[in-house]
Amino acid sequence: MLSNIRKTRVEWGDCDPAGIIFYVRYFDFFDVSTTMLLERALGMKKIEYLKAYDFFGHPLAETRAKFRLPTRFGDEVSIETKLVDIGSRNFARVSASGWPKKS
Amino acid sequence: MLSNIRKTRVEWGDCDPAGIIFYVRYFDFFDVSTTMLLERALGMKKIEYLKAYDFFGHPLAETRAKFRLPTRFGDEVSIETKLVDIGSRNFARVSASGWPKKS
Amino acid sequence: MLSNIRKTRVEWGDCDPAGIIFYVRYFDFFDVSTTMLLERALGMKKIEYLKAYDFFGHPLAETRAKFRLPTRFGDEVSIETKLVDIGSRNFARVSASGWPKKS
Amino acid sequence: MLSNIRKTRVEWGDCDPAGIIFYVRYFDFFDVSTTMLLERALGMKKIEYLKAYDFFGHPLAETRAKFRLPTRFGDEVSIETKLVDIGSRNFARVSASGWPKKS
(Lines give C-alpha, C1' and ligand atoms only; values in the text may rest on other atoms or scores of the structure.)
Protein backbone atom coordinates (compact mmCIF):
# COMPACT_ATOMS: atom_id res chain seq x y z
CA MET A 1 0.00 0.00 0.00
CA LEU A 2 0.93 3.60 -0.01
CA SER A 3 4.03 4.55 1.95
CA ASN A 4 6.34 7.46 2.54
CA ILE A 5 9.94 7.61 3.76
CA ARG A 6 11.73 10.72 4.87
CA LYS A 7 14.92 11.38 6.74
CA THR A 8 15.25 13.88 9.51
CA ARG A 9 17.89 14.67 12.07
CA VAL A 10 17.46 14.57 15.82
CA GLU A 11 18.32 18.09 16.90
CA TRP A 12 19.64 19.53 20.17
CA GLY A 13 16.22 20.84 21.11
CA ASP A 14 14.65 17.42 20.53
CA CYS A 15 16.87 15.77 23.15
CA ASP A 16 16.62 15.50 26.89
CA PRO A 17 19.26 15.58 29.63
CA ALA A 18 20.08 11.93 28.92
CA GLY A 19 21.35 13.06 25.51
CA ILE A 20 18.75 11.03 23.63
CA ILE A 21 15.59 12.09 21.90
CA PHE A 22 12.79 13.06 24.28
CA TYR A 23 10.38 10.36 23.11
CA VAL A 24 7.46 12.76 22.74
CA ARG A 25 9.30 14.33 19.82
CA TYR A 26 8.93 11.05 17.94
CA PHE A 27 5.20 11.71 17.80
CA ASP A 28 5.95 15.09 16.25
CA PHE A 29 8.05 13.30 13.64
CA PHE A 30 5.31 10.75 13.01
CA ASP A 31 2.68 13.43 12.63
CA VAL A 32 4.68 15.24 9.96
CA SER A 33 5.22 11.98 8.12
CA THR A 34 1.56 11.05 8.34
CA THR A 35 0.70 14.41 6.81
CA MET A 36 3.14 13.71 3.99
CA LEU A 37 1.62 10.29 3.43
CA LEU A 38 -1.90 11.70 3.19
CA GLU A 39 -0.72 14.46 0.89
CA ARG A 40 0.79 11.87 -1.38
CA ALA A 41 -2.37 9.75 -1.26
CA LEU A 42 -4.59 12.68 -2.14
CA GLY A 43 -2.22 14.54 -4.45
CA MET A 44 -2.78 17.74 -2.54
CA LYS A 45 -1.08 19.60 0.26
CA LYS A 46 -2.85 19.32 3.61
CA ILE A 47 -3.92 22.94 3.58
CA GLU A 48 -5.48 22.28 0.19
CA TYR A 49 -7.29 19.06 1.05
CA LEU A 50 -8.67 20.54 4.27
CA LYS A 51 -10.24 23.23 2.11
CA ALA A 52 -11.27 20.89 -0.68
CA TYR A 53 -13.08 18.56 1.68
CA ASP A 54 -14.20 21.33 4.01
CA PHE A 55 -13.04 20.01 7.33
CA PHE A 56 -10.92 21.36 10.11
CA GLY A 57 -8.44 18.56 10.58
CA HIS A 58 -8.36 14.81 10.93
CA PRO A 59 -8.78 13.77 14.51
CA LEU A 60 -6.53 11.07 15.82
CA ALA A 61 -8.48 8.34 17.57
CA GLU A 62 -5.62 6.29 18.91
CA THR A 63 -1.87 6.06 18.72
CA ARG A 64 0.80 3.88 20.20
CA ALA A 65 4.54 3.48 19.96
CA LYS A 66 7.25 1.09 21.03
CA PHE A 67 10.70 2.45 21.59
CA ARG A 68 13.33 -0.17 20.91
CA LEU A 69 16.54 1.77 20.51
CA PRO A 70 17.68 5.05 21.99
CA THR A 71 18.16 7.71 19.34
CA ARG A 72 20.92 10.11 20.22
CA PHE A 73 21.38 13.76 19.51
CA GLY A 74 22.70 14.19 15.99
CA ASP A 75 21.43 10.86 14.69
CA GLU A 76 19.68 10.84 11.40
CA VAL A 77 16.45 8.88 11.51
CA SER A 78 14.36 7.47 8.72
CA ILE A 79 10.66 7.76 9.31
CA GLU A 80 8.49 5.44 7.29
CA THR A 81 4.72 5.75 7.24
CA LYS A 82 2.38 3.27 5.62
CA LEU A 83 -1.33 3.27 5.06
CA VAL A 84 -2.26 -0.03 6.70
CA ASP A 85 -5.99 -0.15 6.42
CA ILE A 86 -9.02 1.93 5.57
CA GLY A 87 -11.90 0.80 7.68
CA SER A 88 -15.52 1.65 8.00
CA ARG A 89 -16.63 5.14 8.97
CA ASN A 90 -13.60 6.58 7.18
CA PHE A 91 -11.09 5.38 9.72
CA ALA A 92 -7.61 4.90 8.42
CA ARG A 93 -4.76 3.16 10.16
CA VAL A 94 -1.26 4.37 9.55
CA SER A 95 1.91 2.75 10.79
CA ALA A 96 4.94 4.86 11.39
CA SER A 97 8.38 3.63 12.23
CA GLY A 98 11.61 5.45 12.78
CA TRP A 99 15.07 4.07 13.20
CA PRO A 100 18.40 5.74 13.60
CA LYS A 101 21.03 5.32 10.93
CA LYS A 102 24.68 5.00 11.77
CA SER A 103 26.07 8.45 11.17
CA MET B 1 -2.06 1.92 44.13
CA LEU B 2 -0.19 5.15 43.96
CA SER B 3 -1.74 7.91 41.90
CA ASN B 4 -1.35 11.58 41.14
CA ILE B 5 -3.78 14.16 39.85
CA ARG B 6 -2.89 17.58 38.60
CA LYS B 7 -4.71 20.23 36.65
CA THR B 8 -3.19 22.11 33.78
CA ARG B 9 -4.55 24.42 31.15
CA VAL B 10 -4.39 23.91 27.41
CA GLU B 11 -2.53 26.96 26.18
CA TRP B 12 -2.50 28.76 22.84
CA GLY B 13 0.83 27.24 21.88
CA ASP B 14 -0.49 23.73 22.63
CA CYS B 15 -3.25 24.05 20.05
CA ASP B 16 -3.33 23.51 16.33
CA PRO B 17 -5.19 25.33 13.55
CA ALA B 18 -8.34 23.36 14.39
CA GLY B 19 -8.36 25.19 17.73
CA ILE B 20 -7.95 22.00 19.74
CA ILE B 21 -4.92 20.59 21.48
CA PHE B 22 -2.32 19.19 19.12
CA TYR B 23 -2.51 15.63 20.43
CA VAL B 24 1.26 15.27 20.74
CA ARG B 25 1.13 17.82 23.55
CA TYR B 26 -0.89 15.31 25.59
CA PHE B 27 2.20 13.15 25.75
CA ASP B 28 4.09 16.13 27.15
CA PHE B 29 1.39 16.46 29.80
CA PHE B 30 1.52 12.74 30.59
CA ASP B 31 5.29 12.79 30.89
CA VAL B 32 5.22 15.60 33.45
CA SER B 33 2.55 13.76 35.41
CA THR B 34 4.48 10.50 35.30
CA THR B 35 7.50 12.31 36.71
CA MET B 36 5.34 13.67 39.51
CA LEU B 37 3.99 10.20 40.23
CA LEU B 38 7.48 8.71 40.46
CA GLU B 39 8.65 11.59 42.63
CA ARG B 40 5.78 10.93 45.00
CA ALA B 41 6.50 7.19 45.00
CA LEU B 42 10.16 7.72 45.80
CA GLY B 43 9.85 10.78 47.99
CA MET B 44 12.47 12.57 45.95
CA LYS B 45 12.53 14.98 43.05
CA LYS B 46 13.52 13.39 39.75
CA ILE B 47 16.85 15.19 39.66
CA GLU B 48 17.55 13.75 43.10
CA TYR B 49 16.54 10.18 42.41
CA LEU B 50 18.47 10.11 39.16
CA LYS B 51 21.54 10.98 41.22
CA ALA B 52 20.65 8.72 44.14
CA TYR B 53 20.25 5.69 41.89
CA ASP B 54 22.95 6.77 39.49
CA PHE B 55 21.16 6.51 36.22
CA PHE B 56 20.54 8.85 33.33
CA GLY B 57 16.81 8.60 32.94
CA HIS B 58 14.09 6.02 32.74
CA PRO B 59 13.59 4.86 29.20
CA LEU B 60 10.08 4.49 27.96
CA ALA B 61 9.49 1.11 26.36
CA GLU B 62 6.00 1.62 25.05
CA THR B 63 3.19 4.12 25.18
CA ARG B 64 -0.27 4.40 23.76
CA ALA B 65 -3.18 6.78 23.94
CA LYS B 66 -6.80 6.95 22.93
CA PHE B 67 -8.31 10.33 22.25
CA ARG B 68 -12.01 10.38 23.01
CA LEU B 69 -12.87 14.04 23.28
CA PRO B 70 -11.39 17.08 21.64
CA THR B 71 -9.78 19.41 24.16
CA ARG B 72 -10.06 23.02 23.16
CA PHE B 73 -7.79 25.96 23.70
CA GLY B 74 -8.38 27.35 27.18
CA ASP B 75 -9.79 24.14 28.62
CA GLU B 76 -8.52 23.03 31.95
CA VAL B 77 -7.63 19.37 31.96
CA SER B 78 -7.10 17.01 34.85
CA ILE B 79 -4.29 14.55 34.31
CA GLU B 80 -4.36 11.48 36.45
CA THR B 81 -1.47 9.03 36.54
CA LYS B 82 -1.55 5.70 38.32
CA LEU B 83 1.09 3.10 38.94
CA VAL B 84 -0.60 0.05 37.46
CA ASP B 85 1.95 -2.66 37.83
CA ILE B 86 5.58 -3.28 38.62
CA GLY B 87 6.75 -6.20 36.62
CA SER B 88 9.91 -8.18 36.34
CA ARG B 89 13.14 -6.53 35.26
CA ASN B 90 12.06 -3.28 36.89
CA PHE B 91 9.41 -2.49 34.36
CA ALA B 92 6.62 -0.31 35.61
CA ARG B 93 3.35 0.38 33.91
CA VAL B 94 1.73 3.73 34.40
CA SER B 95 -1.68 4.77 33.20
CA ALA B 96 -2.35 8.39 32.45
CA SER B 97 -5.66 9.93 31.60
CA GLY B 98 -6.66 13.46 30.94
CA TRP B 99 -10.08 14.91 30.52
CA PRO B 100 -11.28 18.45 29.97
CA LYS B 101 -13.38 20.10 32.62
CA LYS B 102 -16.23 22.40 31.72
CA SER B 103 -14.78 25.85 32.10
CA MET C 1 1.18 48.93 35.96
CA LEU C 2 -0.47 45.60 35.61
CA SER C 3 1.66 42.58 36.36
CA ASN C 4 1.39 38.84 36.81
CA ILE C 5 3.63 36.34 38.58
CA ARG C 6 3.39 32.61 38.27
CA LYS C 7 5.65 29.76 39.20
CA THR C 8 6.37 26.84 36.95
CA ARG C 9 8.83 24.00 37.01
CA VAL C 10 11.42 23.24 34.38
CA GLU C 11 10.56 19.73 33.29
CA TRP C 12 12.63 16.94 31.77
CA GLY C 13 11.19 17.57 28.30
CA ASP C 14 12.09 21.27 28.55
CA CYS C 15 15.79 20.52 28.97
CA ASP C 16 18.54 19.81 26.52
CA PRO C 17 21.52 17.44 26.67
CA ALA C 18 23.41 20.02 28.76
CA GLY C 19 20.81 19.41 31.50
CA ILE C 20 19.57 22.99 31.42
CA ILE C 21 16.45 24.46 29.92
CA PHE C 22 16.48 24.61 26.14
CA TYR C 23 16.21 28.39 25.92
CA VAL C 24 13.40 28.29 23.35
CA ARG C 25 11.15 26.87 26.06
CA TYR C 26 11.49 30.15 27.93
CA PHE C 27 9.52 31.80 25.14
CA ASP C 28 6.80 29.21 25.67
CA PHE C 29 6.77 30.17 29.35
CA PHE C 30 6.66 33.87 28.52
CA ASP C 31 3.80 33.39 26.09
CA VAL C 32 1.66 31.62 28.67
CA SER C 33 2.39 34.37 31.18
CA THR C 34 1.59 37.09 28.68
CA THR C 35 -1.75 35.43 28.04
CA MET C 36 -2.42 35.40 31.78
CA LEU C 37 -1.49 39.06 32.02
CA LEU C 38 -3.88 40.03 29.24
CA GLU C 39 -6.61 37.88 30.74
CA ARG C 40 -6.19 39.68 34.02
CA ALA C 41 -6.17 43.07 32.28
CA LEU C 42 -9.35 42.32 30.38
CA GLY C 43 -11.11 40.22 33.00
CA MET C 44 -11.77 37.51 30.46
CA LYS C 45 -10.11 34.30 29.37
CA LYS C 46 -8.25 34.55 26.09
CA ILE C 47 -10.76 32.36 24.26
CA GLU C 48 -13.46 34.74 25.48
CA TYR C 49 -11.77 38.01 24.58
CA LEU C 50 -10.82 36.71 21.14
CA LYS C 51 -14.53 36.16 20.57
CA ALA C 52 -15.62 39.34 22.29
CA TYR C 53 -13.34 41.49 20.17
CA ASP C 54 -13.69 39.31 17.10
CA PHE C 55 -10.10 38.75 16.22
CA PHE C 56 -7.98 35.68 15.60
CA GLY C 57 -5.06 36.32 17.88
CA HIS C 58 -2.66 39.06 18.82
CA PRO C 59 0.35 39.03 16.56
CA LEU C 60 3.73 39.49 18.12
CA ALA C 61 5.74 42.18 16.41
CA GLU C 62 9.02 41.78 18.20
CA THR C 63 10.54 39.90 21.09
CA ARG C 64 13.91 39.63 22.72
CA ALA C 65 15.46 37.89 25.67
CA LYS C 66 18.67 37.93 27.65
CA PHE C 67 19.71 34.76 29.39
CA ARG C 68 21.73 35.50 32.50
CA LEU C 69 21.65 32.30 34.50
CA PRO C 70 21.32 28.70 33.41
CA THR C 71 18.10 27.13 34.65
CA ARG C 72 18.49 23.47 35.39
CA PHE C 73 16.11 20.58 35.10
CA GLY C 74 13.87 20.51 38.17
CA ASP C 75 14.29 24.19 39.01
CA GLU C 76 11.21 26.12 39.85
CA VAL C 77 11.11 29.45 38.02
CA SER C 78 9.06 32.53 38.69
CA ILE C 79 7.82 34.23 35.56
CA GLU C 80 6.81 37.82 35.95
CA THR C 81 5.07 39.72 33.16
CA LYS C 82 4.37 43.43 33.22
CA LEU C 83 2.47 45.68 30.91
CA VAL C 84 5.12 48.29 30.17
CA ASP C 85 3.49 50.57 27.70
CA ILE C 86 0.48 50.92 25.45
CA GLY C 87 1.47 52.81 22.38
CA SER C 88 -0.26 54.11 19.33
CA ARG C 89 -1.97 51.75 16.95
CA ASN C 90 -2.86 49.43 19.80
CA PHE C 91 0.67 48.24 20.34
CA ALA C 92 1.42 47.00 23.81
CA ARG C 93 4.82 46.25 25.25
CA VAL C 94 5.11 43.51 27.80
CA SER C 95 8.20 42.63 29.79
CA ALA C 96 8.67 39.08 30.98
CA SER C 97 11.35 37.86 33.28
CA GLY C 98 12.01 34.48 34.75
CA TRP C 99 14.47 33.47 37.38
CA PRO C 100 15.19 30.16 39.03
CA LYS C 101 14.57 29.78 42.72
CA LYS C 102 16.88 27.74 44.88
CA SER C 103 15.16 24.40 45.21
CA MET D 1 31.13 35.83 6.19
CA LEU D 2 29.93 32.34 6.69
CA SER D 3 26.25 31.66 6.05
CA ASN D 4 23.79 28.82 5.75
CA ILE D 5 20.42 28.57 4.04
CA ARG D 6 17.95 25.77 4.50
CA LYS D 7 14.31 25.32 3.65
CA THR D 8 11.78 23.86 5.99
CA ARG D 9 8.03 23.60 6.02
CA VAL D 10 5.69 24.99 8.63
CA GLU D 11 3.83 21.94 9.87
CA TRP D 12 0.42 21.50 11.47
CA GLY D 13 1.94 21.07 14.92
CA ASP D 14 3.92 24.31 14.51
CA CYS D 15 0.78 26.38 14.06
CA ASP D 16 -1.65 27.92 16.50
CA PRO D 17 -5.43 28.37 16.40
CA ALA D 18 -4.98 31.42 14.16
CA GLY D 19 -3.61 29.06 11.50
CA ILE D 20 -0.20 30.70 11.46
CA ILE D 21 3.08 29.60 12.95
CA PHE D 22 3.20 29.90 16.73
CA TYR D 23 6.09 32.36 16.80
CA VAL D 24 8.05 30.41 19.41
CA ARG D 25 8.59 27.71 16.80
CA TYR D 26 10.65 30.20 14.78
CA PHE D 27 13.24 30.08 17.54
CA ASP D 28 13.33 26.30 17.16
CA PHE D 29 13.96 26.81 13.45
CA PHE D 30 16.68 29.37 14.14
CA ASP D 31 18.41 27.12 16.63
CA VAL D 32 18.62 24.25 14.16
CA SER D 33 20.01 26.62 11.53
CA THR D 34 22.54 28.07 13.95
CA THR D 35 23.73 24.56 14.70
CA MET D 36 24.12 23.91 10.99
CA LEU D 37 26.06 27.14 10.59
CA LEU D 38 28.48 26.25 13.37
CA GLU D 39 28.88 22.74 12.00
CA ARG D 40 29.80 24.19 8.66
CA ALA D 41 32.21 26.66 10.27
CA LEU D 42 33.98 23.95 12.23
CA GLY D 43 33.70 21.12 9.73
CA MET D 44 32.26 18.84 12.39
CA LYS D 45 28.85 17.79 13.55
CA LYS D 46 27.76 19.41 16.81
CA ILE D 47 28.01 16.17 18.75
CA GLU D 48 31.58 15.89 17.50
CA TYR D 49 32.70 19.42 18.25
CA LEU D 50 31.17 19.31 21.71
CA LYS D 51 33.41 16.30 22.36
CA ALA D 52 36.42 17.71 20.55
CA TYR D 53 36.35 20.94 22.54
CA ASP D 54 35.09 19.27 25.70
CA PHE D 55 32.17 21.45 26.52
CA PHE D 56 28.52 20.82 27.23
CA GLY D 57 26.87 23.25 24.88
CA HIS D 58 27.09 26.85 23.78
CA PRO D 59 25.00 29.06 25.98
CA LEU D 60 22.91 31.69 24.35
CA ALA D 61 23.41 35.10 25.91
CA GLU D 62 20.78 37.05 24.06
CA THR D 63 18.34 36.69 21.23
CA ARG D 64 15.74 38.82 19.54
CA ALA D 65 13.36 38.56 16.65
CA LYS D 66 11.07 40.76 14.62
CA PHE D 67 8.06 39.19 13.00
CA ARG D 68 7.09 41.03 9.84
CA LEU D 69 4.86 38.62 7.99
CA PRO D 70 2.57 35.89 9.22
CA THR D 71 3.70 32.47 8.10
CA ARG D 72 0.82 30.12 7.50
CA PHE D 73 0.48 26.41 7.93
CA GLY D 74 1.98 24.66 4.93
CA ASP D 75 4.24 27.52 3.92
CA GLU D 76 7.79 26.69 3.06
CA VAL D 77 10.24 29.02 4.75
CA SER D 78 13.86 29.71 3.99
CA ILE D 79 15.99 30.16 7.07
CA GLU D 80 19.26 31.97 6.56
CA THR D 81 21.87 32.19 9.29
CA LYS D 82 25.00 34.31 9.08
CA LEU D 83 27.98 34.65 11.34
CA VAL D 84 27.96 38.39 11.94
CA ASP D 85 30.77 38.94 14.35
CA ILE D 86 33.17 37.13 16.64
CA GLY D 87 33.85 39.30 19.63
CA SER D 88 36.05 39.15 22.64
CA ARG D 89 35.63 36.37 25.16
CA ASN D 90 34.57 34.00 22.38
CA PHE D 91 31.20 35.61 21.84
CA ALA D 92 29.75 35.13 18.40
CA ARG D 93 26.80 36.95 16.93
CA VAL D 94 24.60 35.11 14.47
CA SER D 95 21.77 36.59 12.48
CA ALA D 96 18.91 34.38 11.42
CA SER D 97 16.10 35.32 9.12
CA GLY D 98 13.23 33.34 7.79
CA TRP D 99 10.71 34.26 5.19
CA PRO D 100 7.86 32.37 3.63
CA LYS D 101 7.96 31.51 -0.02
CA LYS D 102 4.90 31.56 -2.19
CA SER D 103 3.93 27.93 -2.43
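Worth a mention:
All chains are identified by letter, namely A, B, C and D, in their written order; residue positions are counted from 1 within each chain.
Heads up, the rule we're going with is that a contact is a pair of C-beta atoms (placed from the backbone, for glycine too) under 8 Å apart; a residue touches a chain by one contact, two chains touch by 3 or more.
Since the structure is predicted, the reported quantities are computational estimates derived from the model, not experimental observations.
Counting the residue numbers used at the interface between chain B and chain C, over half appear in both copies, so the two copies meet with largely the same residues.
Summarising the inter-chain layout, the chain whose CA centre lies farthest from the centre of chain D is B.
Measuring from the averaged C-alpha position of chain B to that of chain C gives a distance of 23 Å.
The geometric centre of chain C is 21 Å away from that of chain D, both derived from CA atoms. For the pair chain A and chain C, the distance between C-alpha centroids works out to 30 Å.
Contacts with at least two other chains are made by residues 12-13, 16-19, 22, 24, 28, 31, 57, 73 of chain D. Of all the residues in chain B, the ones that touch chain D in their complex are 12-13, 15-19, 22, 24, 73.
Across the complex, chain C is touched by residues 11-13, 28, 31-32, 35, 45-48, 57, 72-74, 103 of chain B. Those residues of chain A whose C-beta lies close enough to touch chain B in the complex are 16-20, 22-24, 27-28, 31, 56-57, 59-67, 70.
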